[in-house]
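Heads up: the structure comes next, in structure tokens.
Labels for the chains are A, B, C and D, by order of writing; each one numbers its residues from 1.
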Amino acid sequence: MILVSAYCAVLLSFASGLLALLMNQQHILLTLSQYAVKKCFNDAGHRQDWLNKYLEERHYPAFLRLAVFILLGLSGVFAVLAGLAVLITQSVITDQIALGLPWLPWHVRFDCLSGFFYLIIGIGVCAVSLYGPGYVHSNKEKDHPFAVLGLFTGLFVSGMLLVLLADDAFFFMIAWELMSVASYFLVAFQHEKSANRRAAFLYLLMAEVGALSIILGFGVLASFSDGFTFDALRASSLSTTWASIAFVLALLGFGMKAGIVPVHVWLPEAHPVAPSHISALMSGVMLKVALYGLIRFCFDLLGDVHWQWGVVLLILGTLSALGGILYAMMQTNLKRLLAYSSVENIGIIFMVLGLSMIFMANGHPQLAALGFLAALFHAFNHALFKNLLFLGAGIIHHQTHELNIDMLGGLIKRMPKTSLLFLVGCMSISSLPLFNGFVSEWLAFQTALQVDVLDNGVLRSLIPVSAAALALTAALAAACFVKVFGLIFLGQARSRNSGKAHEVHDKGMLAGPALLAGLCFFIGIFPGVIIHLINNVSSQLLGATLPDDSTLGWLWLAPVSAHQASYSAPLVLIGALIAAGICYGYLRRNPLTVMRRAETWDCGFGGLTPRMQYSSSAFTMPLRRIFASVWIIDEQIYKDTQGAMNQDVTAVHYQLHIEDHSWPRLYRPIACGVNSLSKQVGRIQTGNIRTYLGYSFATLLLLLWVIS
Amino acid sequence: MIAVYLVLLIPLIGIVFFALGGHKADTGKINVRFNAICLLATIWLAINVLNQGTILSSDKAFLIDPFNVYLIVLTAFVGLTTSIFSAPYMAHEKEIGKLTDKRLRLYYSMYQGFMLAMYLVLTTNNMGVMWVAMEAATLATVMLVSLYRTPESIEAAWKYFILCGVGIAQALFGTILLYYAAVQIGDVENSLLWSVLYENASKLNPDILEIAFVFMLIGYGTKIGLVPLHNWLPDAHSEGPTPMSAVLSGLLLNDALYAVVRNKMLVDGSTHNNVAGYLMMGFGLLSFLVGALFLHRQKDIKRLFSYSSIEHMGMMTFAFGIGGPLATFAALLHMTVHSLTKSAIFVTVGHASQLAGTQSMDKIRGLIKTQPKVGWGLLIGTLAIAGFPPFGVFTSEFLVLLATMHSYPWLAPLLLLGIGIAFAGLFRHVQPMVYGEKPEGQLPVKANLWPVIIHLGLVLWLGLAIPGFLANWFSQATLLISGSTPL
Amino acid sequence: MNIVQTDFYTQAILSMAALVGLTSFLMLGQSRLLRLIFVFALQGLLLTSTTALAAYSLDNPHLYISAVLTLVLKVIFIPWMLRREVLRMNMHRDIQTLSNKTMVMMGGASLMVFSYYVLHPIVQTTSPVMLNALAVSLSVVLLGMLLMITHRQAIAHVVGFMSIENGLFFAAIVATKGMPMVVELGVAFDVLVAAVLFGIFFFHIRTSIDSMDVDLLNKLHEVDK
Amino acid sequence: MNWLIAILQTLLFVALAPLLAGWLKWCKCYLQNRKAPSLFQPYRDLLKLTHKQPVVAEQASWLFVTAPYIIFSATILAASVIPLIAVDLPTSASADVIVMVGFFAFARFFLALAGLDIGTAFGGMGSSREMTISSLAEPAMLMAVFTLTMTASTTNLSGAIAHVLNSGLVLRPSFVFALFALILVAVAETGRVPVDNPSTHLELTMIHEAMILEYSGRHLALIEWASQLKLMIYGVLIANIFFPWGIAETFTAQALGYGLLAIMGKLGLLAIFLSIAETLVAKMRLFRVQEYLGFAYLLGLLGMLSHIILEASR
């Protein structure tokens, strides 16, 4: 039953893709349907009209789009159902599909871990399919055929779902690559701009490299076991060295997909150029699939983890978290910024995962479960609010045709609903209390603070430092999203587009984000709901759960023990409401003191203009000064001067260009290396036939000599 | 048994027929019919073999066993689809005046001649005749390479002719040595027959066979396009008419490899050290890596894909060299999917270069906008050949990789490196061609893209699931070659 | 073993082998095309007589056929064609001197030694006669390649190619008393077609680069100039 | 009963905050030979502001108007967590020290947004600097707090204080570091000299004032009160964590009374120290602040390490 709904999710998403292909085949459909109606019903009249109404030129595209997204949404619903069901029943379901190699059919396994990620994907897909129809409505069919978009969206979703179902290396890789390739086509969807093409190429290239290293990782496991089914791989017993090699390969492969520093560069390139609902899926969901892969590989297949791996994850995670948020801080393109902040959140998740590994290896399964909980919880939250933010960015782009933060402003008055939803997203991503982001971060801190139980001095001093780095990350994230919300929605409009923007009319485009925002808040208040589910996962995977501290009841969240740490969001909420309510009521009681609107104080210079406001680069200037060495900053100021002795400045031009360190350090050298190598190799083909004869002559002599 | 004669007879008639009337308007369609009949005959043959196992003709002239019968069917199939593609292509070439009636006649009759040679290579039981047929294939195609009579095409054809001629001569010396070794054990008249040789391979003198194998490898390896003997290949592919490139890549290379593998079987039977295997692995890996690197610096679209052929042939040679059931199975699968995919790609490439009016890749842009079918075909075909699932190439490469991990783990990283480099090299050129805005004045051309759809569909099918009869077919062949089966 | 103890046939074969090898050396050293072609025809003649001898002494009739084929192809037709070509291009005057002739000759000699060395393992299975014959023919093959590598005219290439064929043929005759008939015929047919094609190609090359220097055929390459 | 006491304590907290501010101002004036306003001046100011009619800028949105309430209530929540005169109160169980930091972040978030909302350069400047400084201060503060929480092996404040109390007078090197780190952070966070100067309106230097430039009437009152509350919170933190003696552990009237007296005494002393410091030290440039906070972070780190290596090592 559970498995059936899991399959349904896959098949429905697949079907939605295929349905999209009918975009240009409406005439065929028309004739077919007429034929069918004539055959089946005797009163063909009104049915005929009804059919024609949907299939004729005017309605057909909208109708089809709707149908496609409805199918997608259904698949999301089924995914959620399947995930919840398997999580609650804690069951493990295995199956085989008669595809693949003759001696290796596709093995399917649906357990709590897969179920949890199924849940994540399902929610994301539901939101997107609510949002989609309104968003793609404005695409020009000729330039950007919906057939392509719909097809590859369907394939993409089904690929992600299949990855979670896979239970043998071969099937896993197929699903994995299906996911990558489909999303590549989606990134390249608007391929007129060269930037998009470049991004798509980079993305596919890195996906390929990552996939290769994953294959190699599986290969290492497989060479110590018989067969490629995950059961066989689990059974394989590796020496520490080989296990570590496999781990490193897997980390490289999955990390490349998840976007940890320094292999993150495809993210900020690919996410901005994809259509927004796609980048929402990619950033909110696909990165989680990569995380799933890593967890499956390390905790499940490799089995016994080593604390050194944990340290590696911890350090990489810390780097990604800090680097991600610092780079995000400097972006002016909203979606680039969000992409970098994904790097940050993935970093946090990896940190906590590393902690959990360390505890696991040091024989504290309960604390490992705590870390695991924090990691998965944060993954879940990130899926929610990052989806929300990307969809919001999509709305903004849809209404203002602007993604440059410096060109926006003052939208809170023109787009109140959107701004509210976006605010919720910003608050939860900058981990403020009462929202879900805070809970997972709190859990992360709790995990880090359990360091006392460890004996190893290095770890005991390393972990608190990383905890402080986590704190720094959180604070920077808050700063970053203050910037985002403040510059986009507050103040005055910085461009005409944003000046005459208005709220979206399409209900769905608001409903999708609203769903996510509601979840953000709900989970923030009642985190227990998810925590119980994750507990089931860790009990199945790690064989350990949190100390069940039910004495405090559902109101309270006390992961370790009540007297060590506790947090009760509902009480906090109530307290906040009371306090705010009281002073609100008290201060508003006097009718004389009703608000009066007046001009903003402009230091007496008559007339504030939007250009007087702080811009993005101005806002982040102090941090840019402080952390100068993190970026490659290229800052130029030109002054146009005139008059006597060029004294009076007529205009000032300011240029700021900020680049990632990893490009010059890591990627350009590789590219140059390959090119020069191929240049060298090219020399053997001189074009002179006598040289060629010489080659075969020499080869012949060489081989004869070798033989005898 | 009649099927075999039929398969050989039809192209023979074809040669004569087209030599006389190859310039007529509907020759293309007739050519298609010829190949279709051939395909039917081969299928009939295949069914026979599947039912009653290996067939040895009464006069011992022909031997059909699971290994070659599926190659025969593949050859007929690719021949058919390529002829479907070549009909409108050649018509277009004639319209724009690149070809005259005489050359058209030559083209079609040599097309059949080439097919004949291929069938002969595959069906014959006599190593000497195999050599003769292989040489005949060269002679048949060399005129086609220079069909356009441009200086480049002449040069390419000359190189092709001389290099392959000299190479194949080495193969003959190898054959003579083989014969010499066989004569030692008596039965002079039949001692070049594969069936005889294979039966008492263990009696043959290992030293002679090793030397013989070296000559064979150099000789047929030149035709496979193993680095550093590959130099003729990109020239010949890029200068000839595109259908020719399709069959060269899809068939000729396969059959040369087939010949090498046949000889490897003999050598392994006689010398029980894996010398032949090591040689093939070395050559294979070298060609794989070098081919991958060459991809990066191409300007001509057909050269690009001919280098990718070199790369893939390298991988197959490597896999056959590893030996063992898994690798052999993978190699056979890779042979199939590669020839299907590559010929499909060449179809799209042909149309792309026709509508752009040039083969230089800087001029070909925005195919998806100009002629979406061609663009998507090229893009998806490239994805398939680059080894992305769920296409069959991925399956075979995956298996090769795992076989390598099992036997020679330290070679696996090299293999992966090669795949990565090759992918980058292909895509950095292909993506700009398919995507982007359409250039001025490039109009769609009349194209029949069913071959592409069919081929890629088959490759996709093979990637998702290998149908039972094919699997058991492969495993029979694997059993024949490597002595055991992965199933 | 000693040459004296062998029968006349063997001695004849051995001396023939020596002569064939010698002709290859002569060809390698040639700088004038006409002479090259002449020596080539000579080699063909030697080959024919060897075949005839073998046919007679082993009374193996089908070798006569191949002897005739060789005579027609390698002694008459191909040399005639090449000669006509040379005269038409009037290249019979100009000389292409090898850059370092002595080195090439030394190389040729060492190739001969090398082919003995390579085929040495065969000795324990058979008589040294065979070894000699095979070694000579192998060296003829290698020398043919060397000839092609060192000479620049297309015609010299064809001669080299054909002399490689000669070497193979010689091996086939003396070592294995001739291949099966069908193979013989096939090979002969291929050689014939090849010869015709060469004729056609000379025409094309002449029209395209109006020279016979293969070094001028270097448009297709992978090197950045 | 406990809940009642907890709420009372919170109210007391809110009530005393202006007094502390007044006392601080009084001390400073005294030290600078100025005539001091009465101790209760802050109360009068707040009252007066609540009666004024608030004027709101035209560009301002609903966020600008609601921000003060949010800020104020968030600060109150933070206050309610901290044991002022008694430990083991239920409110402190509902949220631990990390949550408290979270409340501050919450308040700051909205303050910064409000600064940006009016769309003047000042607001932007203020919020930019505020976010910068706070994002540097937060890790330092957490480091300091973690030192304590790891010693007490709980992040629950009253639990931690109780632990310190029960373990008697133990001189811990880690605490020395933590104390100084916390003091530095407190100065930065509450916007005192040398990081910020509450009594300046010079745009080059102001941080906190720049954000609230457009506020008036009751909104201003709320924000002022919130910042006084924040000052007091930090004071209480320092006082009660490091010198917890005197705080009530049983809920008898007598104990509570002693607790009240004790905390007032401690805060008074603290205020005196602070005013002396403010009189002696000059305000530093904005881009020196990171060194200052970096130093605070270093102290916190040292505290943490000395705790791990010296005190808790096995």
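Just so it is clear, a contact is a pair of C-beta atoms (placed from the backbone, for glycine too) under 8 Å apart; a residue touches a chain by one contact, two chains touch by 3 or more.
These numbers come from a predicted model, not from an experiment.
Undergrad: Tell me which chain's centre, taken as the mean of its C-alpha atoms, is farthest from chain A.
TA: Looking at centroid distances, C is the chain farthest away.
Undergrad: Of all chain pairs, which one counts the most C-beta contacts?
TA: Highest contact count among chain pairs: A-D.
Undergrad: Using mean Cα positions, find the chain sitting nearest the overall protein centre.
TA: A
Undergrad: Which integer distance in Å separates the CA centroid of chain B from that of chain D?
TA: Computed from C-alpha means, the inter-chain centre distance equals 79 Å.
Undergrad: Compute the distance, rounded to whole Å, between the mean C-alpha positions of chain B and chain C.
TA: Between these chains, centre-to-centre, one finds 31 Å.
Undergrad: Starting from the mean Cα coordinates of chain A and chain C, work out the distance between those two points in Å.
TA: Taking the mean C-alpha position of each chain, the two centres sit 70 Å apart.
Undergrad: Provide the C-alpha centroid distance between chain A and chain D, rounded to the nearest whole angstrom.
TA: So the centroids are 37 Å from each other.
Undergrad: Residues touching two or more other chains, restricted to chain B: which are they?
TA: Within chain B, the residues that touch at least two other chains are 158-159, 162, 166, 170, 211, 234, 294, 297.
Undergrad: Hey, what residues on chain A touch two or more of the other chains?
TA: 679, 682, 684-685, 689, 693, 696, 700, 704, 707-708 - these are the residues of chain A that touch more than one other chain.
Undergrad: Tell me, which pairs of chains are in touch?
TA: A-B, A-C, A-D, B-C
Undergrad: Provide the residue numbers of chain A that touch chain C in the complex, in ascending order.
TA: By the definition above, chain A touches chain C via 679, 682-690, 693-694, 696-697, 700-701, 704-705, 707-708.
Undergrad: Which bits of chain D are touching chain A when the two form their complex?
TA: Chain D reaches chain A through residues 50-63, 65, 69-70, 72-74, 76-77, 80, 91, 93-96, 98-99, 102-103, 105-106, 108-109, 112-113, 115-121, 123-125, 127-129, 131-132, 134-139, 142-143, 146, 149-150, 153-156, 159, 213-214, 217-218, 221-222, 286-287, 290, 297, 300-301, 304-305, 308-309, 312-314.
Undergrad: Which stretch or stretches of chain B touch chain C in the complex?
TA: Answer in residue numbers: 126, 128-129, 131-132, 135-136, 139, 142-143, 146, 149-152, 154-159, 161-162, 165-166, 169-170, 172-173, 176-177, 179-180, 183-184, 188-189, 192, 205, 207-208, 211, 234-235, 238-239, 294, 297.
Undergrad: Within their complex, state which residues of chain C touch chain B.
TA: Within the complex, chain C contacts chain B at residues 118-119, 121-122, 125-126, 130, 134, 137-138, 141, 145, 148, 154, 157, 161, 164-165, 167-168, 171-172, 175-177, 179-180, 182-183, 186-187, 189-190, 193-194, 197, 200-201, 204-205, 208-209, 214, 217-220, 222.
Undergrad: Provide the residue numbers of chain C that touch chain A in the complex, in ascending order.
TA: So the residues of chain C in touch with chain A come to 114, 117-118, 120-121, 142, 145-146, 148-150, 152, 157, 214-215, 217-224.
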